[in-house]
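In the two assemblies presented below, subunit A is common to both, partnered first by subunit B and then by subunit C.
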Partner chain A sequence: MTSLDPIQVFRTEAAELFEQIESGLLDLLNDLSDQDTIDAVFRGLHTLKGSGAMFGFEALAAFTHHCETAFDRVRKGQVPATDELVAAVLDAQDHMKALVSTPQGDHEDASNRLLAALHAAVGGAATTGHVVTPPLPQASAQAAAPASAPAKGQAFHIAFRLPANAMINGTNPLGLLDELRELGECTVKADLSTIPGLGSLEPTDLYIGWSVDLVTEQGRDAIDDVFIFVMDDMDIKVTEVAPVEAKAAEAAPAAKAASPAPEATLQKAEPAKAPGNEPKHGGKQAENVRVPAERLDELMDRVGELVIAQSRLSQLAGSSADLHLRAVSEDVERLSGELRDTMMVLRMVPVGSLFGRFRRLVHDLARETGKVIELETEGETTEVDKTVIERLADPLVHLVRNSIDHGLEPPDERVAAGKDKTGRVILSARQSGGEVIITIKDDGRGINRDRVRAKAESSGLIQPGQMLTDQELLQLIFQPGFSTAAQVTNLSGRGVGMDVVKKTVEALRGVIDVRSENGRGSEISLRIPLTLAIIDGLLVRVGAGSYVIPLSAVEECLELSLEDDLRSRGRSFISLRDNLVPFLRLRELFETGTPPDRYQKMVVISTGDARVGLVVDQIIGDHQTVIKSMSKLHHDVVTFSGATILGDGGVALILDVTHLVAVGQYQEAHLRAAG
Partner chain B sequence: MTVQAAQPDAGSATKLALPASMSIREAVNTRELILAALQESGAILLDLPEDAQVDLSFIQIIEASRRHALSQGGSVALAQPARGSLLSTLERAGLLTEMAAEDQLFWLHRKEAA
Partner chain C sequence: MNPETVKHLFDHVWKDQDELSVLTFSLNGETFAIEAINVQEILDLLPETRVPGAKPFVAGVINFRGRVIPIADLRRAFGMEATEATIDSRIVVVELTLEGEPCLVGLRTDKVHEVTTLPHAAAEPPPIVGMRWRPDFIHCLVRRGTDFVIIPNLEVIFSTQPARSAA
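The block that comes next holds the complex of A and B.
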């Protein structure tokens, strides 16, 4: 039986808590009086402290305690939430991350400096102190002692069961029970019925549930406060039992029953549980399972190999007269297709997980540059392959930094230009066919085309006066070493980054579109395939070679007769429902040296609004395509985005749709220009 | 951690000396240790140091061990009645409330009224 390393589990949980705390802090900057957000930040800090202490991260627990105390005071209205406090806690949070990643490091100086800032931010009030561990109860006395006098207040029956991962997440059930005892006369009874046998026990899970009879003068709200940090994830039922005095009188015998007096309990002894009758772990079943990313990658590789093997089986079955073999082959094909689809869904991650980190970036950049910036995000629920998400993180940081540093003007400049002093950066994502389009848009000054051209000419990237389309000119900003920033800052302007952005996006088989309007802002769109692993492809033959066209890009297939082919020579355009569509003869492009088939086919593909036809000799059919990367020797081959293995063991190259469409559009533009 | 010979008064039970710290941090090891002992010898006697520090995870492991032993025809017992941190944890967790006779016998070694 294998179990996850608790320390690693804590680190993962801490990372989530950091995100939650940071998100709350940044929300708070929009409305410093938002009590729900203040509570959420407090809860996050509290949980982090508790979990840290439980897993031996004492320095983290001690440090976090100060931040928690500060927010507790805010929560209680003793001090106001201020920008300074939020900034201090944000800085402190970065330090907490260091305390999690390198707990043995020398953090004392940094801790003292940050605590001094925190202290100043809350007006020098008491944030100092020591980590408070939950008070060890006078529980035994309270729980077991018979009530000497009738308790006053309301009587409640509380039945609760915490989530299975409560303990490992830092919740201390005994602490909750202690807090309930502090509210009044309390009888606690544990329900052990769901504890399984040792063979099935997950030792860090919580199986015990509780029922509590409580008489308190503090009301229902006080009970809710006890569970405030765990309320969302637990099962709890609180029932008001009886009127005050009458119930209080009954509390005495109830409390007596709490004492482990054998005379009383022997009468109520339950029969021993039947051997082998090991109850299932009760309570709400876990809704999510945490799986290491490498295991998903391994599974993906296996599915890829299965798809290739299935392709071979289909080919064998197709050439066999054995109907049983064909039936089995079809079943395997269907099942492997379903498995692939399921696998794809497993790998999909909402892009919101990527966007979340930019709120902090924008906040920090606003402080550094003195600009007033508002970040908007749209389409956070759009899902993308997890590998795409991971690889896009750095390019997006560069682009957002660039938008803020180069694009957005300082407040006075914006006001002088008749704009709102607050600059806006919009980060959005949406799915379009087999692509996800991530856009970074700002309402700044826009890209100065004259400056781009001058810079490109002076650095020899283009010839003086060279004719360029608008897109070609704007794409120059992605050239290595290119920067139009008059002043190099910490943020950008070093010309390092934008070329890396382009390379990263292209490595993801994506493409970058740039739009910019002088004085109105810029928009950079990254169009990335939804997945990098397996795609539905259209298998075609050109000459003697097989090629795969990603099916998500295919709009339609037409027949190109020899007559039409001859008629269009020299123009390479076809009229498609009154629209001229350029086409490429792949046989010529690939220099196959073979004569064309009598009835050639044209596959019309598109990216965004641009379309192009690809003339092939034969359309073989759809093909589940496991994408294999090209070798390093072929990294500069632009027409193909990868390769795949066919059922007969042969190799088919996968066409780079974006590149081919660009070639077609370029051809169209030049032919139009030539009249 | 060592598996020792059974105490004379514990019949054929194998005595298992447990470490002083048995919190959730050690829960995985504690479970493996007891499970291995139960598989090796169906009857075990758990020997906790007087200053043993435990939490709820340990209580659950012991309860799970009792169920396991029962289903396998074996037995688990404590060498000494619950004391110190163990007793406090049992109380705080509400396990002593309306405690069944066999549970009193197991945890507290009580056979009759105190």
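The block that comes next holds the complex of A and C.
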């Protein structure tokens, strides 16, 4: 493994912080007075500033500082949170992202412009006269001293103890003490009570605690700020002492600090950010371990090989009479099955992490287009393979943009059409069999089929007057360079995007369904296989070759009797519970040149509503299939989506269900047209 | 193909070296050589899985240590007749760079001879005329006694052949 690049680590961390800040800001738009959210945003900004400075992103730290300052005043209730402020901070946040990605770039102008907007938002909203928006460079100093701070100074008694490994982790207690000294006059005492005997003393551990009596003109928050980076792990107790009692507190032994101070002022000093209060926020975040994706992939490969070895073992055991061997083999089978399932879960990420990004997009688009939009998300907990999530991000952006730009009407048009002024976009995800279905639905004007047809005819995609099914017509919007937008807007209408959506989804072995009702809205569903690595498959034999059909697509297996077979010559349809199902003879498709088995079987597979039967010679059974991709040299063979290795070391090809169904449907349409 | 391109390819394979370390094998009586550095492994014949619908040049796949790799038959590229496998038949697994990515391919051979060094001095670019094979499929010919060894240009063969044979 390569050693971790600290800058990269910071960028990852920053990306997470941005997400956290952004979602906080957007939440804030719903309820501007929510103190918890304000605190969360402030914390995010503060951490960003701190880590930015630590990793040498000076410009970022300086810029973030101003945002943090502004939010600090909101947090303290000096200025109310407003839509303008949130918008300004959102813009500022985008700028911070730029500062993270290109710290060397020239950002000065943008910085100043955004800060001016930010200060306008904070200053303009100030209700009381005593808060004067200061010129930029001094903003920090002014805001750091709240207007309400007492003139003479307050006395505090601070007792703190850092964790034993604090120094190993890079915390410098002396630095903390120096910072305290800067706040005002202070007396520092070391608490040496826990220093062990020389024999058991670890030279790198920190055994000393401190008690500090501080008289400062800056408030309680200034003290908290000193400890903000270490607060989570340390023991700290801050008590406000009435000035006259300062001497008494000073005289008290350091050990006393551990017991709560009896003063009535304690209530006021109840720490806003002390460790005791933290779990409310911290408890929400489950404990996570960050693992590079490539290590997961390595593990996945190993598990895949184990599954192959295991199926060889069970084949051996199956043909042996040794009961002990069979028992062990069954155990191994169970274990490797569980291991595989656990492994799959490891790679699964809730779709919510993907949907979260769209709140911002919708917010921005609403501002840009002047439409009133409400985004609803459903099924955020649905889990999908991480790779799938990453690759779906861009297509979904295109689809959401399209829904908003093309689908939703402006408010007045909606009212005229008798609809609610607010346009709704619903993003939902659900699991169905071996697929996850992600749907983008809007209640806009729907896809105008006449315009799609006119556009397709004028650009030569279809012949004038060509017969198309409704689905075929709607699918035309995914053709490269296709756009029905009369005007090219900033958002969409350039005709790039929708074909990218289709390509990406197809690369994930998925399918797109489009539904649209004129005047009522449209719905685009992406059906993506749950996983890309291991699937359950049905092993079948065609001629001399073995093939795997993904089990999630299999509907049923039945026997194709000789009469049925003979009767269906030339029309290749069977009647299945009053439905005509087209079927494909794989022996002919694969040109095996072998005579059919006496008792042929038919496997009925489906994607969505479309079904097709596959005639095979023999059904061997289910098989845990580790998907191996086909070589580049075989990319022209579309019938197969991959290959897998069988228990005997041979190779079986995995049938591409989507393609085969399409062939079957085509054949059906063809025959219908002919007959 | 113009003479300059031939010259360029010729220089490319030798890269200013005086000698080239190669693995030699035979196909239908001709001796071929592949740069030893590209050879991954020599295998006994393995059960091949036919890929229906694939080009005849790469008609099958094998399981090579848990990886599924295509099997190619160079005879097709050089217009030779297919022969029955013998006790000497081997699969030579080579690593190629196709479209900028490494790719393992198994080559069917009639017999694998040896790893040897070929001197630069004995090498010649393929003649432009008087040869029944496509000149760009061959890096160079190296004289060896009365006979010669063919160094095929696998990159060109694999990136052009499938399309050609399909047509």
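A few notes on this one:
Note that in this section the second predicted complex is superposed on the first by the 426 of 675 C-alpha atoms of A that agree within 3 Å, B and C clash if a C-alpha of one lies under 4 Å from a C-alpha of the other, contacts with A are read in each partner's own complex, and residues count from 1 in each chain.
Criterion: a residue touches a chain if its C-beta (ideal position, glycine included) is under 8 Å from a C-beta of that chain, and two chains touch if they have at least 3 such contacts.
Since the structure is predicted, the reported quantities are computational estimates derived from the model, not experimental observations.
Touch criterion met: A:Ala190 reaches subunit B, while subunit C stays clear of it.
Looking at the shared chain after the overlay, A:Val651 reaches subunit C, while subunit B stays out of its contact range. Contact with subunit B, but none with subunit C, is seen for A:Leu206 once the two complexes are overlaid on the shared chain.
By the touch criterion defined above, A:Met167 lies against subunit B but remains apart from subunit C after alignment on the C-alpha atoms of chain A. More residues of subunit A are touched by B (comparison of subunit B with subunit C).
Contacts of A:Phe55 after superposition: subunit B is touched, whereas subunit C is not reached. Put simply, subunit A uses no single residue to touch subunit B in one complex and subunit C in the other. On subunit B, the positions that touch subunit A within their shared complex are 24-25, 27-28, 30-31, 34-35, 38, 55-57, 59-61, 63-65, 67-68, 70-73, 88-89, 91-102, 104, 108, 110, 112-114.
On subunit A, the positions that touch subunit C within their shared complex are 305, 308, 545, 589-592, 628, 630-634, 636-640, 643-645, 649-653. In the complex of the two chains, the subunit C residues touching subunit A come out as 47, 49-55, 58, 61-63, 66-70, 72, 98-99, 101, 103-105, 158, 162, 166. Residues of subunit A touching subunit B in their complex: 3, 6, 54-56, 136-137, 139-140, 143-144, 167-168, 173-174, 177-178, 187-190, 192, 195-201, 203-204, 206-208, 210, 212, 257-266, 268-270, 272-273, 275-278.
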